[in-house]
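Listed next: structures, encoded as structure tokens.
Same chain, two partners: chain A is paired with chain B first, then with chain C.
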Partner chain A sequence: MKRELVTIFIVVFILVGLPVGVFLYQRQQSNPDSAERAIHIQAAVPESGGFQPAAIQVNAGETVTLRFSSVDVTHGIAIGPSLGIDLGHVDPGHVKEVTVTFDKAGTYTFYCNTWCSPDHWRMRGIVEVTDPNNPDAIPTAYRDPIIERLVAEGVNIDANVNMGMADHPQGDTLTFEQPPSIEKGQILAATLSIPVELEDAEWRLSHTPMEGLELLTDQNPSTPMNDLIHVIAYLWVLDTPSEDIQWAENYYNKNCAACHGQTGDGNGPAADQTAESPVAFGDAAYMFGMRSDVLYAKIRRGGMGTDMPNFGTLLTPEETLKLVGYLWQLAWQSRAG
Partner chain B sequence: MIKSQRINVFQYVPFLRGVLRSRLFQPVLTISTLFFFTLAIVTGLFGTPVGNRNFGIVFVWIVWWGLLIILLVPFLGRLWCAACPIPVPGEWLQRRGIINRRKGRLSTLRWKFPKRLRNMWLQNFGFLGVAIFSAIILTRPEVSAWLLLGFSLIGIILSILYENRVFCRYVCPVGGFIGLYSLMSPVEVRVQDPQVCATHTPKDCIIGNEYAYGCPWMVFPGTLERNTYCGMCMECIKACPKNNVVINLRPVGSDLMVAKERRLDEAYKAFIMLACALLYSVVLLGPWGWLKQWANMDTLPHWLAYAGVFLLANLLLLPGLFTLTALLSQRLGRIQLPLRQLVTDYAYTLVPLGLTAWIAFSFSLVFTNGSYALGVLSDPFGWGWNLFGTTESTWMPFGSALIPFLQTGILTTGMLFAVNTAYKIAGQHTPNPRQALRGMLPVTGFIMSITFAFLWLYLG
Partner chain C sequence: MNRFQQLVRWTYPRWVILMGIILAIGVMTFPIPQITDPQTRYITLDARQFEFAPHRIHINKGDRVIINFTASDVVHGFYLDGYGIQARVEPGVTKQIEFSAERTGKFRYRCSVSCGSLHPFMIGELVVGPNEPFWRAIALVIIGLFTLLTYRFLTKGTSYEYPTLGASPA
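Coming up: the complex of A and B.
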């Protein structure tokens, strides 16, 4: 009888104790320190539901461990803005985690940065960070002076704008047989008279290279216009730190190249799946009619009806400007086509 | 003659009788497997949906399947049925205990299982029902877990309604083919002297005694001539007061020649298993990705088309072709036997062929995917655990260069065994060896065609 009881105990232990033990162990694994919480987030392509859970709540100042696993294909996991968290690839069935303290109340976004499906760009989830003293208030919007200025100027950010080239009297006489060269521009700039506006980063932000070229031509009428193009190329990447370019190139390659192409030719592997053809940043002629602030606004807000997602929830304004800076690098390297 | 070809294992390993007579023998097996079964269910329901990172998929459909079809069934027949955890909750409820022999009859509602269903047909259709969803079951842990739970639940319900292992004997889709292929096994549970049983009127092995329950598989060991319905639970060894029940070693495939118990439901089991092995090889191992997607239910119409063709091939196409083969054999060999009976008899030639085909299929499955087992041992749920430090072990196919040789070897062995069986079966129906030889020719052609189809699939 004793033997029977022991056996029954073993069976009950297997049927009840094993599952309970598993969950207790998992709880303990997830919570090595009672003050720290672990949240498991399952990643699947958006067509199958995207992130589960897609929204998590955290208190400001709380340290949490976010554990990501993929249930279908390889995803890339990053969290922004301003956190600089990039977990890299998460393969199916594998787990990657990051322990993070969200200092300030606000909304952060975790997202996939590896092209995983046609709806890849929709693969996002949010971390709502609340102030424990004021849990109902989550800052969701903040002022963006650059976008506000564009709106005040009457620029339609959602339109397919290319400002300056078409309207400019010399716009269609420009040729880009030789790609604009930053190096040539730097040498030439030392021999030319540069208008003060062109040396002002704020001015360049809100004007097109074509408008800059007009000012430069006025002040240097004897220099061939195709030489001045190089100078404009140089001026448009002036004061861009190399580490910013490096960061932006990495970010562009992970998040933008799938559509816009790694060389900015507008012909990435997913280009044929978007509602509108992706812009070719490597097309110098096109970029000569583009403004940095408009690029900035399009990156942050996304392109209405074009399948261009918004990156405003993923990047800080400063990070966005770094990315814009890299687009000019692509333009002048002219690797399009 | 047949008796002389048997080796009584107890004579050479006397302590084995003591082990098998112990009431602990089966509970030790079933409780061990119950642990893994429970883990498979829990991981299936709550673990990662990624099949190759989930214990429930890797250990059930790669490790267990490989052990079952490559080792257990060919060498030990139905021994798995003695260890299977699925029916034991129902059996323990019936017995109101796990180890000890309780006095009195089993606790059930004592319904009578319908005579019409006392055969393999339910198992045949059950297997086909599972088979058409196999691409889904084999890859989705949750579906797999619900299926296993469902089997266990059916086992419990049937144990409440009926006495003994009705689930195992008549319903379990896996038990059906294990039973058929255990005809090949070199191990058997048999009585030493049938005369002892014939004259021993109490029949403890049927009704049980204070040491053992009556045969849960509803088999009388005294007249047992085939492994098909012996679950190797060893209750009869415990029950027999004459020590007349033993474990024998015997020539492989001995049961195939037991003519009197051949039945159409078993023949169909042979057709279904062979067709499924062929179709699985095409769908799961073949280069046709679209076919795998159809089987995986990428769209309902695709899956319906796949399921329709699958069922057609199993129930009509292969049996139909085999019937034509048997008809030809009947004419060529001038065999005086009704066609239906001849088809049934010849179907047993497909037992060695089918078993070796499944082994060949499983070589690919197990050798190629077996390395996943290391990862899930450490992280059975895919939750990022690392219990034994093997979580990050990478997938590494084993013996890729060896697999085609093993497959060719085992398939050729199966083919030769099947051809030899065809000759012997033809010889059972005609006294003239030349007629038997003529009669076996069409069946040989059929067997060789199927073998070449497998070889073409595996070797390209």
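Coming up: the complex of A and C.
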């Protein structure tokens, strides 16, 4: 009789104790007593649901711990804009976490930055940060001066055309016998007379290298065309310091290289899956007809119907400009390689 | 028949075996020269769900191996048994793996980052030749067979008393 009682006690202990123990462990993990909230986000490829949950509500000033895990393949987790959080790879079976304090009301995006499936670029989730004092406030839309200027100018951002190439008399005959070299350009720039416009970063932002070359040719008619191309190559990377280039290279390799290719050859492993073939930034001839502000707008808005995702919700305008700077670097580098 | 003749007669078919043993010892100790000079091998290895391309790589001992490792769909890994080389590659970014093939044999390389349902079966083979023990084993088998057959041929016709089991013949 006594043995029977002991057995019953053990069975009941296991049946009740185990769920209670698990429950308590989870409670302790999520730490409900502290001010910090822990949110567990499960990452899966978009075909099987993407992020779960894909939207999180947080009060401004609240500190939350975001825990990411993966159920299928390796994902990369980053949160933007302006937070600068990159957790790196999250392998299946591993957990990466970050503790963030969202100070300002607004919308932040957590996204996968490692190619994980054909629909990888859809893999995003949002953190909605509301101001507890004014929960119904609608955040004011960010007005992007660069894009607004393009719209005012009447430039079609989505058009995949070469600007400036057509109306330039030498557009078709421009050949790159030598790859554009930034180093040579720097040396040559000191010996040539540079037009005032070309000295102006704002002007370079909204004009193509081809237009710049035209002005430079007018000022230095006796200099060989190849030398002038070197100078243009140098001028177009002038505004991006090397630490920004390094940041942009890292960002490009994680987020862009899968389609546009690591060297900008437009032939990354996922290039054949996109609706339109990715642009080759390594093609100097193409880039000579491209404008920095248009590249900027394309990155921020994405390309409708081309499978180019928008990065405007992931990057700050400054970060986008760094990325544009790296694209120019790629354009001149790849010619050499 | 004197003692010497008896010895010769007893030895006659057995010298084949003696020869075989001497040959076998020769094969086991014979230094096999390097068949090819060491060279640098550039290998492009692509990983996709759930295979490596190429899934078999042949190189020679002493070769310097430079693998340009790429991934086509998701993050994959590379772990080479026997060498303990580990790498991870994400789609779009080429990873370079460099090592010297100092150990001969057949080594498996497998994906070391969980990449999906059939991940455990994502395996390839690195064959580092010349695989000396293998050739020695083949030579030994050939010598053994040859010795046995010759011995059988020489002793053919000589009577051999098979032991009988159980009761002795009447």
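What we mean here is this: the second predicted complex is superposed on the first by the 318 of 337 C-alpha atoms of A that agree within 3 Å, B and C clash if a C-alpha of one lies under 4 Å from a C-alpha of the other, contacts with A are read in each partner's own complex, and residues count from 1 in each chain.
One rule holds in what follows: a contact is a pair of C-beta atoms (placed from the backbone, for glycine too) under 8 Å apart; a residue touches a chain by one contact, two chains touch by 3 or more.
Everything numeric here is computed off the predicted structure, so don't read it as measured data.
Enquirer: With both complexes superposed on chain A, which partner does A:Q29 reach: first (chain B), second (chain C), both or neither?
Expert: In the superposition, A:Q29 touches chain B alone.
Enquirer: Between chain B (first) and chain C (second), which, if any, makes contact with A:P92: first, second, both or neither?
Expert: Both partners, chain B and chain C.
Enquirer: For A:V71, is the partner it touches chain B (first), chain C (second), both, or none of the two (neither)?
Expert: first
Enquirer: Examine A:L18 and indicate which partner it touches, taking first as chain B and second as chain C; both and neither are also allowed.
Expert: It touches chain B, and chain C stays clear.
Enquirer: Look at A:Q329 in the shared chain and tell me whether it touches chain B only, chain C only, both, or neither; answer first, second, both or neither.
Expert: Touch status of A:Q329: no partner.
Enquirer: Could you tell me if A:I8 is touching chain B, chain C, both of them or neither one (first, second, both, neither)?
Expert: first
Enquirer: Which partner does A:T114 contact after superposing on A: first (chain B), second (chain C), both, neither?
Expert: Touch partner of A:T114: chain C, not chain B.
Enquirer: Can you pull the chain A residues that chain B and chain C both touch?
Expert: Residues 72, 92-93, which sit in both footprints.
Enquirer: Okay, in this complex, where on chain A does chain B touch?
Expert: 1, 3-4, 7-8, 10-11, 14-15, 18-19, 22, 25-26, 29, 40, 67, 69-72, 92-95, 97
Enquirer: Would you tell me which residues of chain A are touching chain C in their complex?
Expert: For this pair, the touching residues of chain A are 72-74, 76, 89, 91-93, 114-117, 253-254, 256-259, 261-262, 268-270.
Enquirer: Please output the residues of chain C touching chain A within their complex, sorted ascending.
Expert: 70-75, 88, 90-94, 113-116
Enquirer: Would you pull the chain B residues touching chain A in the complex into a rising list?
Expert: 24, 27, 31, 34-35, 38-39, 42, 46, 48-50, 52-54, 92, 97-100, 381-385
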